[in-house]
Amino acid sequence: MSVTNLLENWSQFRHKHPVEDKPHAEYKWAMSIDLDACTGCNACSVACYAENNLPVVGKEKYSHGFSHHWMRIERYWDEDGREFPDQGAQFLPMMCQHCEAAPCETVCPVGATNHTGDGLNSQVYNRCIGSRYCEANCPYKVRYFNWYDYPTTNNVWPEPMNQQLNPDVTVRGKGVMEKCTFCVQRLTVAKSDARSQGRTVRDGEVQTACQQACPTGAITFGNLVDPEARVGKQWMQQQVELAVDHQAKDQHEHAEQASKLRGYRIFEELRPYPSVMYLERVRESAV
Amino acid sequence: MIENSFNRRDFLKVLGWGGAAVTLSGCGNTSVEDGRELVTSYSEPAEYVIPSIGVYFNSTCAQCDAGCNIMGKVREGRVLKLEGNSQSAINRGKMCGLGQAGVQAHYNPDRLREPLLRTGDKGEAISWDTALELINAKLDGVQGNQIAFLTGGISGHVNVLLKNYIDALGSAKHFAYEAVAPSVVRAANKKAYGVEMPRLRLDKAKVIVSFGADFLGAWVSPVHFAQQYAQFRKASNGGRGVLVQIESKMTLTGANADRWLAIRPGTEGILALGLINALGAGGVKVAADAAGAAKAYTPERVSTETGISVEQITKLAALLKERTPSLVIAGSAAEGYAHGSHNAAAIALLNQALGNVGKTVEFPAALPFPQIAPTVGNRYALHALNDDMAHDQVKVLFNFGANPVFTAPAGLKFKENLGKVPFKVAFAHYMDETALQADLVLPLDSALEEWGTSVPEYAAEGAQLNVHQPLMEKLYPGTRATGDILLALLKLRRAQEYKGYEDFYAYLRSALVQNKAALGGSGKDDDTFWSATLSNGLVKLPGASNAARKTSATTLVFPAPAAQDGAYPLRLIPAVTANMRDGRHANQPWLQESPDPLTTIVWDSWVEIHPKTAARLGIVEGDIVEVASKSGTLKAQAYLFPGIHPDAISIPLGYGHQAMGRYAKDIGANAFHIMDAVFDSETGELAMHETRVKISPTGQRVVIVKDEGSAGGKQMGKKIAVRVSSEKVDLSEEV
Amino acid sequence: MTEKDIREDIAWAKINKDVLKSLENPRKMYWVIIFIALAMIGVAVGAELYQYLTGMGVSYKNNSHVWGLYIATFIFWIGMSHSGTLLSAILHLMHADWRKPIYRFAEAMTTFSLMTAGLFVMVHLGRLWMFYYALPYPSERWIWPNFQSPLLWDAMAIFTYLSSSVIFLYIGMIPDLAICRDNMKNGWRKKLYTTLSLGWEGTDRQWRNFRITYLTVACFLIPLAVSVHSIVASDFAMSQQPGWHITSFPPYFVAGALYSGCAAIITLFIILRYVFRFEEYMTLPILKKTARLTFAIAMVWTYLNLIEFASVWYGHDQASKDVLIYKATGNYAPFWWGMMFCGSIVPLTLAFTRFQTNIPVLFVVSILLNVGMWLERWMIVAPTFAHGYYPWAWDHDQWPSFVQWSIVFGSFGWFALLFMVFCKIFPSVSMYEVKEMVYHRSQETKKKELASKGLANKGAH
Amino acid sequence: MSQRHLLALFDNFDEAGAAIAELRATHIRGFSMDDLILKSPIEHPEVESVLGDKPVYVQWYTLVGAVLGGLLSFFLISGSQASFYAQMKGGKPIVPLPPNFVLTYEMFILGGVFITVLGFLVCAGLPAKRSPLYSAKVSEDQIGILVKGDESAISALKAVFTRHKALEIQEEAGK
């Protein structure tokens, strides 16, 4: 600890991320999910189980709410009381939104969840003591706690099922919080490869497991800083800005001239500045 | 991806020591134990194994018959994850949840590990040699036509060997059985278009009208269709496509429709004819016979019979007229009746009336090698086998992985009839219900351990031959590949012919290499061709085009909507879900724990009831209800579900195993076992939707284990999943 | 003429004798309480061991409902600790000398309820064995805890509060420890008191510095107590969740804390009075004053409750409003209304003079008040989880398991054990301050008598 | 010249006060008022006032402790946030002031309390060696006056105490 350092770099330490204007340097990982393409098929969720060593908890534990899917598919019905849901259901893949001003980060007593330079909301399993304050403060409730020691629990990874475990991803023991990482293990490999070639990661070079599996390509993932990245183009086209809590679309909401935009972020009004943009589901008006 | 330019067998040898040390502890001698090979230390791996770097090998998904091409990620000799092969025209690098769970079929802790011979109620472990000799002995003196082979859909070189073996035994019978295959639609398609599986171009259609085809969930080739669907939803071909789903129970596809119409069960064909009639009235040129068949089906009559409003029919007809090309699909909900063939034919007729044939209904290429073509499974086969067994016509039954004891409707009394077969051999991965009845159980390699080829029934582009190759060394020395077993059996019959093939791998390699010219490898030397084939994981085949045929409408007969059966007032719709299908993968925990997309229920069966019906019967969510048909009863939890016709209830198939290991046994109830044995009038296929049931609460109540919270599917006024009307957005401007 | 808080002619030597007797032979009830407490602790320790070894899952919380009874009970115990400070520090500064016979045990209550609360922090952790990560030291990887987290403020505040109240309790006890030393026969106790009394002889220098120190620490303790419960309130108010993110939470928590503490004082007052035969010192007039104080605080609490409802109801935050409606009508409604009943209706009995000294009534009422306050804490924690921002994650029937309940009940045993053992080892009535009280009161009376005599004499002349 | 201790016990504060007043007034040779220690069972400001104005310095400890505690806390926290691995929290600066002030406040109090107690121990001379003459009565209900004087003054002191109805006079054995 040095007070000199504190005083010399005062303004740097007082910089407020991301509200004040300091753009990400090389990477800002972000996602967009087209709800019009999402069919709710669960392929992403299974891919996540396979990639991230998620435990299958079984019926009894599931019934107590110990489900452990970093990516969950929510299914909503219309609420207008019609006899049949004749416009179908609405599916929404929900995972950690990697908020830029994440409510979970500030409340962790031990600093086990932090913001990375790449704009990820990281979780340090080793550091976590299991106070669960992060999940308590998460508006999306997308954090999952290891209520049991799954690696040693019967029928979670019985021999030889444990041979399927991905060695790139830690198998978490009891008492730590976990959540979607945007497949940070893949990002690390891609960044390392790119760095060794003296460049940054190209768009499409790295995919998250869910994106890779998604049969309809509803999930787009990439580097928001990269002007070539599809995700950035989508955000820009939808006029969704990262560090803003009121987008262009909201201003058009009641305008006579209906907005052509369908990008939105969930709970933007709480100002977590999530890194996941959803594109509204479209339904045909002619039938 | 690493080019597959090394010796495949060395690779496996290394993997064997690195990945599956089980080999050492297992019984039976390996070549190493016999001293023929030396142990290679893993600290000095072969150059293509880079510790901590994943290596990908291409193969084919065996979880369903769609034949998606996959890449297995292999690390230190273990296969970790299955990903899509982007070279594939079928799945283009994508995967469904079912396919990805394939690793859990491979690593399943309940796999069979050694041949078992029944002695009394117990299985006794025996050696493979004993087992094969026993089979050979049992076959002696049995007439060829008293030997039956029960398989699922089967294709490729295993199919060739099977045919040869059947031949060697003197015209034994082959029954290809699939519990949930679209077999009536196949027959109707054959009539209407000249092919069983025309190529559906969802991506080209501007309107899709699907009569209960769950093409995004569990129908034919869902991953392929899902990709076409994504294109269909984009503006790339001039406007976002409109999906109208017509079915009595909402499927995953129905949940994604722009308009989901709850039709009275069984009246799909009537609506199709009604639409033809309305189109004709709206000025669309309809062929005379079709117009004639449809003439009687005025919107008013159709509305009364189907329960769909006149306004809706008119709107739909107008949409079909306005936006072309369209595509009409007949799915399993339309075919599941005694008049299912007629429903399917009427729907095909609608396609023709709309002029979709040749535009969105295309004709697949014919396969240049008919001997490896798929023998598709259907439900008639089971019926036929059952009859044979009932009449003591079967003395020896070989069952390759089918599980009819679980999937046969109770009405067939299949298990009872199976008991009459003196010698039953089951080739199985797990001790499932049918294997439990067998006299000899032979453990199979997992799909990720064996060599093989397959040809998908639904070809996305041209024709293609899929390559199956091991993604890692066998976990258990006591299992064998289907191909190897057939080859061994053949050697016992036709030793001369097959003595050149050490194993199935050798057979397969030589079969492909000999035909390399036809398989696009002309000019390459054998090794290069073979390596390239394995590296690609598939071979694209040129094929001749098929011609279209026109269907006749004159024979269509529809029963008047049946009067309510007082004793059994509701119709049972057995749901084929994307995860469970017919239940053969129920022991893969990822699938059990993946919530059903529509109900979000996990680890159990449920009974979907429309809230209106439930209110009438005094049933609330979580009530354990007894569902009784003429053939049987089951108990399951009730789930109030708005997406179902009030005259029907739905129970998912695939649950209710009484065997198959820790993840499947005693999970839910088996809906197959309450199905009545009613058959399609033309094809003789089992009509899946013809069961009528009554339902009564038992007084027990449980908390349903599901993912949705106490708010159910409500957003409670929060802006979470937002929907917008199509006129308010312009997708063509989007990235 | 109201009854006197204490007999003024009580001999000082008798005070010593009576209080010292409590260190020797309590009534049988004492041992009954100790036994029950030990049994409760035994069950709780078993439950905790099971939870520690198996995982937090056995307590039946779930992924959206991550906090349960542990946090609620933690707040409850923190709250209970506040009454000690109220009696010893606030009333000390206000020169309310009726506090003197009862402040010692109230202070002990502060200390032990803080220790109990601290246990819940530990019990709550998913990885108890790593609790030291929350301590402000740079680990071998040079990582500090996150000073932004209200939980860390909590830890700091509780540490400060606990150490300060232990010090306060100890400092205030030194003269009494000297009395014990002077009256104890040889043995371990004599050694203990000799050591702890630090050679106190009641010299003028000692008293002079003692007075100032006691006053200073009291001054610190008041803002500290307020800050501690405000910080506990910040655990919730600083979060973003509906039903928690409420401006009035800090004062509301402090009021609730004082409330439950006062109620607990009444309960313990009655128990100690009986068990240690303190009828002479813990007199009914003092009990009456405590009851009145409790009533006043109950009304403050009720008021703050209503304020909170009103501000939520008339606010624009629909989510918070939904949580409020859910509390009143949802799964937790019986408990929520139970809290309203116990916290706001039951204390109305304290408004009646006749009940203010009725020991059975007060005993029952004080326990009901604490049940109400415990429910209040649970109703702060649970409904927000069950009905938060994200409807998909609203839980099904979330009911704490036996493990949670037994640890919660065990904490009462733990507290009772610590408290009763303390009372047996240390004088739970402050002897020197009772003497002061008697002395000052008799002086007053004398003065009054003199004055009236003087008047009478004058009149006679 | 050797000195001896004398302890007189009174059961009446007024008498004790009067005794002290007389001692002060009479100026006994070989005895200084500084060698007088009053021992009482209760805090008794009015009796102490007879002893004259004796300042208390504990407050200064308090001030120093509180200020040091606060400063230490703020710089420890801010400095560690800035100088070790910076833990970035979205939406907040790396050195956030409001949380740090909360902790500063707590440490301010903690420092104040701890150092005050230290000051008390120092100022009150605790832990102390027991004085040569002590009676348990002092902790019960009597007030004691401990004096130290030359041999020559002892008898005069005794006389004063006796005059003021001392209940008991303890005398240190001669050396």
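By written order: A, B, C and D. Residues from 1 in each chain.
Please note the rule applied: a residue touches a chain if its C-beta (ideal position, glycine included) is under 8 Å from a C-beta of that chain, and two chains touch if they have at least 3 such contacts.
All of these numbers come straight from a predicted model, not from anything done at the bench.
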Chain whose Cα centroid lies at the greatest distance from that of chain A: D
Contact-richer chain pair [A-D vs A-B]: A-B
Interchain centroid distance [CA atoms averaged], chain A/chain D, Å: 63
Averaged-CA centre spacing for the pair chain B and chain A, given as whole angstrom: 33
Where chain C and chain D are represented by their mean Cα positions, the distance between them in whole Å: 30
Distance between chain centroids, defined by C-alpha means - chain A, chain C (Å): 43
Shared interface positions of chain A, touching two or more other chains: 67, 72, 74, 106, 111, 267
Per-residue overlap in chain D, given as positions that touch at least 2 other chains: 76, 80-81, 84, 87, 89, 92
Overlap residues in chain C, where contacts from two or more other chains coincide: 64, 143-144, 146, 148-149, 152, 389-390, 392-393, 395-396
Pairs of chains found to touch, sorted by chain label: A-B, A-C, A-D, B-C, C-D
Contact footprint of chain B on chain A as seen in their complex: 35-37, 39-43, 45-47, 49-51, 56-59, 62-63, 67, 69, 72-77, 79, 83-92, 155, 158-161, 163-167, 209, 212-218, 230, 233-234, 237-238, 258-262, 264, 266-267, 278-287
Touching residues (chain side chain B, partner chain C) in the complex: 703, 708-711, 714-718, 720
Touch list for chain A against partner chain C, complex: 61, 64-68, 72, 74, 94, 103, 106-112, 127-133, 135-137, 139-141, 143-149, 174-177, 267, 270
Residue ranges of chain D in contact with chain C within the complex: 37-45, 48, 51, 54, 56, 58-59, 62, 76-77, 80-81, 84-85, 87, 89, 92, 96, 99-100, 102-103, 105-107, 109-110, 112-114, 116-117, 119-121, 123-131, 134, 136, 138-141, 144, 146
In the complex with chain D, residue positions of chain C that touch it: 11-13, 16, 136, 138, 141-144, 146-149, 152-153, 156-157, 159-160, 163-164, 167-168, 171, 174-175, 178-179, 182-183, 198-213, 216-217, 220-221, 223-224, 227, 231, 234, 432-433, 435-436, 439
